[in-house]
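Here come two complexes built around chain A, the first alongside chain B, the second alongside chain C.
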Partner chain A sequence: MKLAFQLAYRNLIGAGLRTWLNAGILSFSFIVILFFDGLIDGWNKQGIRDSIDWEYGQGQLLHADYDPYDPFTIDDGHGKIPESERAASVPVLVRQVSVYPEGRMLSVKLSGIEAEQKLLKLPTGQLQKSEAEIPAVIGKRMAKVAQLKVGDRVLMRWRDKNGVFDAQEVTIAGVFSSNVPTVDQGQFWIPIRKLWQMTGLHEEVSYLIQKEPKAVSISGWNYKSQNELLKPFRELIKVERIGNSILFTLLLGIALLTLFDTQVLSIFRRQKEIGTYIALGMTRWQVVGLFTAEGAMYSLFAILLGSLYGIPFLFYMTKAGFGIPEANLQMGITIAERIYPVYGFSLIFGTVLLVVISATVVSFLPARKIARLDPVLAIKGKVL
Partner chain B sequence: MISNLLRTFAFLFSFSQDLPPAAEIIRKVDANMNSKTQINLSQMVVHGRRSSRTIESKSYGEGYNKSFIEYFAPAREKGTKMLKLGKRLWIYSPATDRTIQLSGHMLKQSVMGSDLSYEDMMDDRKLSEMYTAEYLGDEELGARKVWVVYLLAKVPDASYPSRKVWIDQTHFVPLKQELYAKSGKLLKRVLFSDVRQVSGRWYPHRINYKDMLKNGKGTDFIIKEIQFNPEIPESIFSKAKLRK
Partner chain C sequence: MTWAVMAFGLCWYTIINQMDTKEIIRIEQLTKRFRDGEGEFTALHKIGLSFGRGEFAGLLGPSGSGKTTLLNIVGSLDKPTEGRVTVLGKDIARLTHKESAMLRNRHIGFIFQVYNLLPVYTVFENVEFALLLQNFSAGERRKKVMEALEWVGLAHMPNKRPDKLSGGEGQRVAIARAMVKRPEILIADEPTANLDARNAHAIVRMMKQLNKELETTFLFSTHDEKVMGYLERIIRLEDGKMVSDEWVNVKTKKT
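Right after this comes the complex of A and B.
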């Protein structure tokens, strides 16, 4: 076996440019797979962290009639804060209102939240500091759509608990930047006490965000753990991974096809050498092993070559991040403007294993022919 | 829809020297503007930023709880039907051949891009039951002498907690109306014009409905034909009629 690897090494080095072209193509696939998988891992980690920090906290307790994905439930999906949860969670009341920036009507979700809360990253402290009658904080996406900035006043129209119209100006106390669009798009945040006063829905909330993870069972309320809340995001990442694996298969397929062709050509051109090996006493399978080792060694060269340019590149990307196009940011999914890839041990080890094994298999397939050839004819170069 | 709108804005005031003036005006306006049943052919002109759209419809109404509207023009709205029974509203769209019931935030959406929301259409209780009236004085609106009446909600669930109405002194027809929010902010303004006599009643044939918080010229309702107290088969006010 050692001899096989020594011979394989010499043969590959002797082949010169051909070897490095093959290794280059394979290394490119290797680095691309590592990079994009790292990117997905980075997105996954960032997304989960952001969702917890900005929206989910340690879990939520939703009113039984309230479904955050169904605007039809906003009107009726609220109830009195359960006493047992009062201190353990941050209450949020959601209402549907209209705002009129520069005479345009926009239907938005108005969320009332405790201005003193520290659980979420929402800058509710700006609501406390503001001296406006109705201060509001909005996300940058909402600010862009409504063309609002800090200090602007915008007219808001809402209905109280009896359906009576009211309208008043709201002052933008802060514009925040969040990677979580569900706390931003089409949404205004104001102090919950103000919203209670505006709507007459005193002490009523649509959902509660838990400060500590604790499964609770309260009649009329649905408990959702952090894991349950993150499930849709995880499903999205899963789908992205499947999409990426198709790309990787194609990319790796092209690289392996090149390797396969090289092996076929190599066996064809080296028939006399193969016959000589057998004539000198090597078994046919030892020769097959030699050629397979050569193929597998391509993958090792590819990893070495990839490391030369890949490590600095991948390291740089972990620091600089990968910019996400503006269009993707408007899609309503939790994604940062820049994703910082994460390369875990399992990702690196798994990718190395994938490249080595697939290169070995692809090298073995054409080499199997050697097992059937006649050494005399092989020496004459008349077998294949 | 037009009839509902008119009913919404027609206040039921009565008049006699022994009663407070505002209550008397209500009774007269009520007698003039309301009928047991009503059929009308109308146009709704929605003024946009660049152009205007005209929507033609025929509506049937019975009391305050039942109405049925069928749209004829423009081509994209042709065949669309709406049925209102009490607090429920259904819309049939021929493009999808589906009937949907509107509820929740959908009711806050504008009706075909107009300044009128579905909620506005459904808010049709007798306003005399909802408001107390206060006579503010006499004014002239165009060439007409009008009474100005301030209405303050006496029920907790009136959409507009206060209104100001200008009522024609001769014909007992509202000529202008302003609808206010709880904060006193003017939300909507309705102008009634082209008042003509039909079957012994004076009735406005053009209504401009304007959301005062929004830019634009508002929405015009033009009544082409109107019948008071015609016989309307009960089958008109059924969900089955939506698909026919």
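Right after this comes the complex of A and C.
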């Protein structure tokens, strides 16, 4: 075993450029796998943190008729704040309204939130500070669509609890930047007290955001733990991972095919050498071991080489982040404009293991043939 | 007490007698056939031969007469179809892959027509290779390799690569590689076929000296006149049959 690696090492070093080309290709897939997997891990981490910070808090209590994914439930999906939960949560009431920026009509979700809240990163402090009659904060995606900026006034029309239309100007008190599109796209945030006044739905909420995790069961309300709320996002990450593994399989497959090719060619070209090894007293399986070790060593060289250019690159990326193309930001998925990849120990270790094992197997397959080689013909170079 | 001494003495007698046995290769009724398309081709036909320790013998015969085939069987790279070949007391036909690898590694050195040096290794490493398979320490290996390189006059270029060597130097490295483990038997298949006259003479003279100093049995195949002059025993093959076996260039016949 040790001998095989000693010899393999000498052979690969002796082969020079060919070795480094192979190792280069393998190392590239190694680094790409690490990078993209790290990227997904980073996205996962950031996404979960952002979702908690901007939207989910420590869990939510939703009115039984309210479904955040179904706008038709907004009208009826609200009820009086359960007294027991008042202090432990941030109340939110959702209404469907229209705004008219520059004469266009936009249908938006109007969320009234307790302006004093500190739980979410939503800049509700700006609502408190504003002296406008109806101050609102919006996300930058909303701001872009409605072409609004801080200080702009825009006409809003809504129905009160009796279905009677009313209209008034809203002042943009702040534009925030969040990676969570569901608190941004098509949405205005105003103080909940104001919304209660506007609609007459005093003390009513669509959902409550918990400040501390606590499972509650109140009839007429649905409790969703933070974990349940994060489930769709986790599913999405899972799907992304599958997509990535397909990419990795292809990439690694190509690298391994190159290695396989090298091995086949090398066994063909080195018949005399194989015969010589046997004449010098190696057993056939020792020679098989030698060629397999050479293949395995390619992967070690690949990891070495990959570390050489990969570590600076991967490390730089954790600092600089990876810019997500604009197009992807519009898709309503929680994703930051910059993702900072995270490389865990298990990711690195797993990838190293994957590369080494697959390279070893791929080298063994053609090398197996050596065991059936006639040494007499091999010495003459006449076998294959 | 007396019995014990006698038994002990008998044991020693047997062991010493065994060690003293001159014959190290015995070939009996050796026939080798190769599959040849539909039928079979007989490369060696009922060969009977015996070689003792320290012989310097050559197989002569035209191309295709079976020289290489015979050497390969003696070297345990191939097996007899019929008959029996015994090398150092071991029946070649019965050896496992592992045992025959061991036999080659410890006791048999090979020299080929093309030197079959390992291209990515230096001169030193090529010679060292045979020792790597055995459990010598790095220091021991170094000593043995340098000694072998002295034998062949190449101690001044241990770090050269095979592709930088001349033909004569290449073959000398091959000799050093074959001899470094001090094998009982050295098999040389047309070792001078690719060499010019000057190098051919030098190589064979070198081998003859090693033959005398180390008591290694040399077994050649050749059709090179220059080599013939050094041989002590010439065995002629034709179409796989032995046609003559004579002692030459020596005053007294050994067998």
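As a convention for this text, the second predicted complex is superposed on the first by the 384 of 384 C-alpha atoms of A that agree within 3 Å, B and C clash if a C-alpha of one lies under 4 Å from a C-alpha of the other, contacts with A are read in each partner's own complex, and residues count from 1 in each chain.
Heads up, the rule we're going with is that a residue touches a chain if its C-beta (ideal position, glycine included) is under 8 Å from a C-beta of that chain, and two chains touch if they have at least 3 such contacts.
Not measured: the values here are computed from a predicted model.
Following the overlay on chain A, a side-by-side fit with no clash is recorded for the pair chain B and chain C. Shared-chain residue A:R104: touches chain B; no touch with chain C.
Legend: residue contacts after superposition of the two complexes on their common chain; A:P375 is shown touching chain C, with no touch to chain B. Shared-chain residue A:A15: touches chain C; no touch with chain B.
Residue contacts after overlaying the shared chain place A:T283 against chain C, while chain B stays out of touching range.
In the superposed model, the vertex angle chain B-chain A-chain C (Cα centres) comes to 150 degrees (nearest 10).
Once the two complexes are overlaid on the shared chain, A:L7 sits against chain C while remaining clear of chain B.
In the superposition on chain A, A:G275 contacts chain C only, with no contact to chain B. Touch criterion met: A:D166 reaches chain B, while chain C stays clear of it. Our summary of the superposed model lists a minimum C-alpha distance of 74 Å between chain B and chain C.
Those residues of chain A lying in contact with chain B across their complex are 71-75, 96, 98, 100, 102-105, 107, 155, 157, 159-160, 162-168. The residues of chain C lying in touch with chain A in their complex are 72, 75, 77-78, 97-98, 101-106, 110, 112, 114, 116, 118-121, 125, 129-130, 132-133, 177. Within the complex, the chain A residues that touch chain C are 3, 6-7, 10-11, 13-15, 272-273, 275-276, 278-286, 375-376, 379. Taken together, the chain B residues at the contact with chain A in this complex read 103-106, 108-110, 153, 156-161, 181-183, 185, 187, 211, 213-216.
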